[in-house]
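Okay, so here's the structure we're looking at.
In order of appearance the chains are A, B, C, D and E, and numbering begins at 1 in each one.
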């Protein structure tokens, strides 16, 4: 697998002078992975791929708009590429996608790789990238049934409990904006949270302003979140951001029959409508 | 003295149908509770979902978004987009602990003065029954 | 006297109408009386009250007319009326509903033979599970007094072995149970309905 | 620094009856940036307006809030008033304390007053954020495009041209004239259709201000009112019109004969043809589907597969001016216009959808339009009314009304309006042609709304002796030489079987095929049947939601000739009105893009109902959205969708709306 | 070797008596085409045309009994009788209603699974689907056939598989057999159906109209797909002729008999002798027997 990635990267670099391969290499702790940018064919030897390659590299493509770039992507990351192409941020021609069939990723904590795959991987549906020029690994069938038991658990508790639960979560937010920085879908020139006039979100980190920031962030990713889970992974205070994102993911699948990033052409839900839809579920 | 709870409602009304419908409620002297504060927008499609979130953050007990009936939008299809935006925001806010009954999307035409007053009355009623928002 | 009978006193909301509308899941107010149903009905020529007029009677609430009519029993259920109705009203469904609505009523002399036929038909398979043509035909002829009905073809049928002398039985006696359970269900529902009133 | 003046109206007792105006004034005086707050008995009266003007000048006000009736009532009035005092008219905000306060909370003075104060507070908060706005002027190209060369389009083109403006009249068929050219007589006067139409066709052809583009279609429409840029496809006629004199030798000699569209298949025409004798222009086109030589060329190109077609070329050999142009290809013409009139008219409903009436398989079951051709002296039978099956003269003729009209099951719920009348005309004409004819007319209702129409209908009973049978037939079938119509005489309540020699189906009107596609190109609306939608069915019947595009005639809905002509003239008047000034003033309430913030996701481009947003590349090679302010109608749909808040709506900016919300809790 | 197709088969009550030849030739032809028909051992009457006139639930429960069998077998259900087909198909549609499903389940004494998708086919559809399997031994050359569908195959449109006024399936089958389907306007007009007992005058009038129209359209014979229609058009033909004082002499075949004939199955097995109107003279004249 790794050999294939290295060979493909090398072949591509030899043909594309001035190009860059974005992939993973072993981090200095000798255990986890970190992103690497390779410009010369002879350097491909440092490329790796295993269950520690948690990062979604597709956001780096935004820094290489219009430049020849090859990228190693997992299925969820690959949807980021489709999303960005759909939103006219990238053009498909300049990108060479090395898609890797994903075995599920594991995070490292306290110098040790965890036993269980990341929670997002446990409910993942797509194990083969949605877009690729070369596929590494055997295509895997999709998981047939959606698992939203995590969302359902929150839906199942009372409205007051929900209110209390999220209040407690959002109160912890220190407004570091790590979730935004890592997100492939967050590429505004200036985020609404940083705007001073009008002041959408107060500058202080307090319960009310944290509330609107977190809702605004999630809602801006509605029908756009590709489920890579990076926001939640980098959150220093452990807010279950994917739990919010996944509610929107579920609703937009139910209401609009739409899954973000599965292709680059389908009009996203907020760009279109059906005259006859009612969008009201039996309550 | 009895203390009664008076919910605060922010209403975003499209200029062509719902705002005109609210005017008609006035011209026909249809009384309704004074709890709503109306903000005129050209089209319900002008309503940024964040306006709604912002109103709730500031303390609104209910938010009403009202536009032309589907198919009647003055701008041909603005209200269809509104329907999608609010249609997604509503279950999401509910999920986050803000009861979906507090956010209403209604179609009120320029000729439906009576209906507008009914919408405001029933919405105010609902909110009074629900009581103040838990903080 | 005659004028009193002929004068229509409209009653737009009758139980017949609501029963029929519930059955066809449509409003008969949609009918604009164009007559295409009657025009295409293969048996309208022999009806007192043609299909269009049945709908009209429902719209005006002329219950007597409906109850005494044989239209719904003459109806062949060929669905031509429904298929061609420009307002897409299921007129054949209206006829079916009227049969169901009047089934408890005493039949008029003209309705009698149709009701008899249906009763006998049901009986012919109620116990054996499968319809028994010869038995049905003979019983009908005797009981309706139309002794020579179809007499011309019976020898031919027998000669070609197209009439079985004995009823053909389905394995098991499922049909009997179906009828028993249905009776129970209907009873329970009637009681429940009476209870709510 | 904003200096706000607040003026509160009593509106007689309309407001002060439920609201304590003095307390509102008092509260307003304490609001931020408010310099002066005062009240007025009637603010909209001249003394009321004068006091505002005076206050603006004496207090150096630069923002004005008027708390009075609905802005939908007097906003224009008050804008003029502040403008008269030298202030930009858009620095005004109105607090609606009458329709939305005093009139609806008359039972509770306390709450009504509290609400009025808050409404004023919201208006003050918003007005502080107002910016001066300036309407823009755009030049007008005084040149009109009329799409559709039927009677409606002809009338519109002549009227616009007579008002002194250039017109291009576009027609997709080889000749103008439209459906009216196919008619024999017109109701209720029984004028010969051609006699009143063809002079107008000639007028069009000879008018110095009108350019005729026949056999042409709209390819693309861009631009906006006063400045449309239209791409037109000129289909290949295979005849060089600059050389052709219309002498007619070619169409007389062409050996190939094919069913005539104009005669609805009842007659034949050559492959090189003019659709009918009085066609304008009187120059032919070659029908590439039937022409022998074209087929020969296709056979050559396909590698000589199959049977070899004759290498005819007779027209070419015989043409005295050498006008035949085999290699002519479709051409694209780009033209600029200030206004567009759409008059694409109707087509006759295709009765093949009625399987119960034979589905078009019986030759003696024809449409009303086919009967017109049979009755017409220049028609395929020279005006002799005969059965298409055997050429005999029908004596018993049955008419069936509402075929393709008032029929939900066939997807056509509307009434086509003209069929009752043209059927009456047919009955009268048939009787005139042959006194032995007996007509039977199956109808649901006879609708004769129109001047002299009812009287005309009565003639069918009195003079023509037609028998009207109330009831929609259910089936038509053949029995020997007769056509049997199964119906009901609903008045007797009995089924009826009628044996007729000829059955005429009064088929309804539907929009031309492709009306929806054209509407999409023009960005105007159409309904489920593809009839075009007017801006207002009563008050703006020939305008559309897109400025500068007008509609007229049967493309909007079933119309008879007088109505179509009236609408053609009405649209022309609208165009002339538009062309009466050299420039247009546009509403300044439009969207505007902040190029620094725009990420170029182009969601706004996708959702703009007016195609008013496009994209362009900045100097630092970023793609950003750009608003065409002439097309923008100011709905703000794009603003509600923009994640980076890079687009805003003048007059309803996010700042302004958020200030309104904020003011409720500050 | 062609793959076997399997269907659940509902013969209907007439199969045991008046329509013996229809059932027999249906089985014969299907076997020849490699189509397996699984008949439920305990099938019961579908109730047509009485049950749905007497009690709504009964009218659904009786055919539902058979639908459940097909459901258990996980097979599409095929009926050869147009009347049975119609009842089965309508019942399948009615069962989508939760309340109806509950009540019918009670009456049948078994739970009916929710979200049911019972597929019901008429034998015509099956024949058309597998037309390519027919090896044409004896094309029906020169045989003009008036295809008579009856009133129920195209109606109501929610359950129909062909046009209500001008259906085409059987015409395609006959054409594929080498025969010549005639164009006529009465393919889907009613024959009078079960009124043969109560109002034989109606049956005479309507069936006469059909026979007359078919004859006028130039047909040599009729092709029929329903035992009730068949009995009206075949068995009653002679007495109808007497009543209207005209000799009709129009053999009425079941479509399966024609398929069998064209496929070269032995004529003896096609049970032509069961027909009232003797077709042999016609078949000999056309060189088909």
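Basically, a contact is a pair of C-beta atoms (placed from the backbone, for glycine too) under 8 Å apart; a residue touches a chain by one contact, two chains touch by 3 or more.
This is a predicted model, so every value here is computed, not measured.
Undergrad: Determine the set of chains touching chain A that also touch chain B.
TA: D
Undergrad: Steps needed, at minimum, to get from chain B to chain E via touching chains?
TA: 2
Undergrad: When I count C-beta pairs in contact, which pair ends up with more: C-E or B-D?
TA: Looking at contacts between chains, C-E has the larger number.
Undergrad: By CA centroid distance, what chain is farthest from chain C?
TA: Max centre-to-centre separation from chain C belongs to A.
Undergrad: Which chain, with its centre taken as the mean C-alpha position, is closest to the global C-alpha centre?
TA: Centroid comparison flags D as closest.
Undergrad: Between chain B and chain D, what is the gap in Å from one C-alpha centre to the other?
TA: The mean C-alpha positions of chain B and chain D differ by 35 Å.
Undergrad: Report the inter-chain centroid distance for chain C and chain D in whole angstrom, where each centroid is the mean of the CA atoms.
TA: For chain C versus chain D, the centre distance works out to 51 Å.
Undergrad: Could you list which residues of chain E touch at least two other chains?
TA: In chain E, 164-165 touch at least two other chains.
Undergrad: At least two other chains touched by the same residue of chain D: list those residues.
TA: Residues 356, 475, 607, 641, 654, 658 of chain D each touch two or more of the other chains.
Undergrad: Could you pull out the residues of chain B that touch at least 2 other chains?
TA: 49, 54, 77, 81, 85, in rising order.
Undergrad: Can you identify all of the chain pairs that touch?
TA: Touch list across chains, by label: A-B, A-D, B-D, C-D, C-E, D-E.
Undergrad: Which bits of chain C are touching chain E when the two form their complex?
TA: 23, 42-43, 46, 74, 76-80, 82-84, 90, 92, 96, 99-100, 103, 113-114, 117-119, 121-122, 125, 129-134, 136-137, 140, 144, 149-150, 152-153, 156-157, 160-164, 168, 170-172, 174-175, 177-179, 181-182, 185-186
Undergrad: Show which residues of chain C lie in contact with chain D when the two form their complex.
TA: 32-41, 44-45, 50, 52-53, 80, 84-88
Undergrad: Hey, which residues of chain D end up touching chain C in the complex?
TA: 356, 402, 406-410, 444, 470-475, 486-488, 490, 493-496
Undergrad: For chain D, which residues count as touching chain B in their complex?
TA: Contact set of chain D toward chain B: 70-73, 96, 98-101, 103-108, 111-112, 114-115, 118-119, 122, 525, 545, 589, 607, 609-610, 633-637, 639-641, 649, 652, 654, 657-658, 660-662, 664-665.
Undergrad: Under the stated contact criterion, what part of chain A meets chain B in this complex?
TA: 151, 154-155, 159-167, 192, 200, 208-209, 211-212, 215-216, 218-219, 222-223, 244, 247-248, 251-252, 255-256, 269-270, 273-275, 277, 279-281
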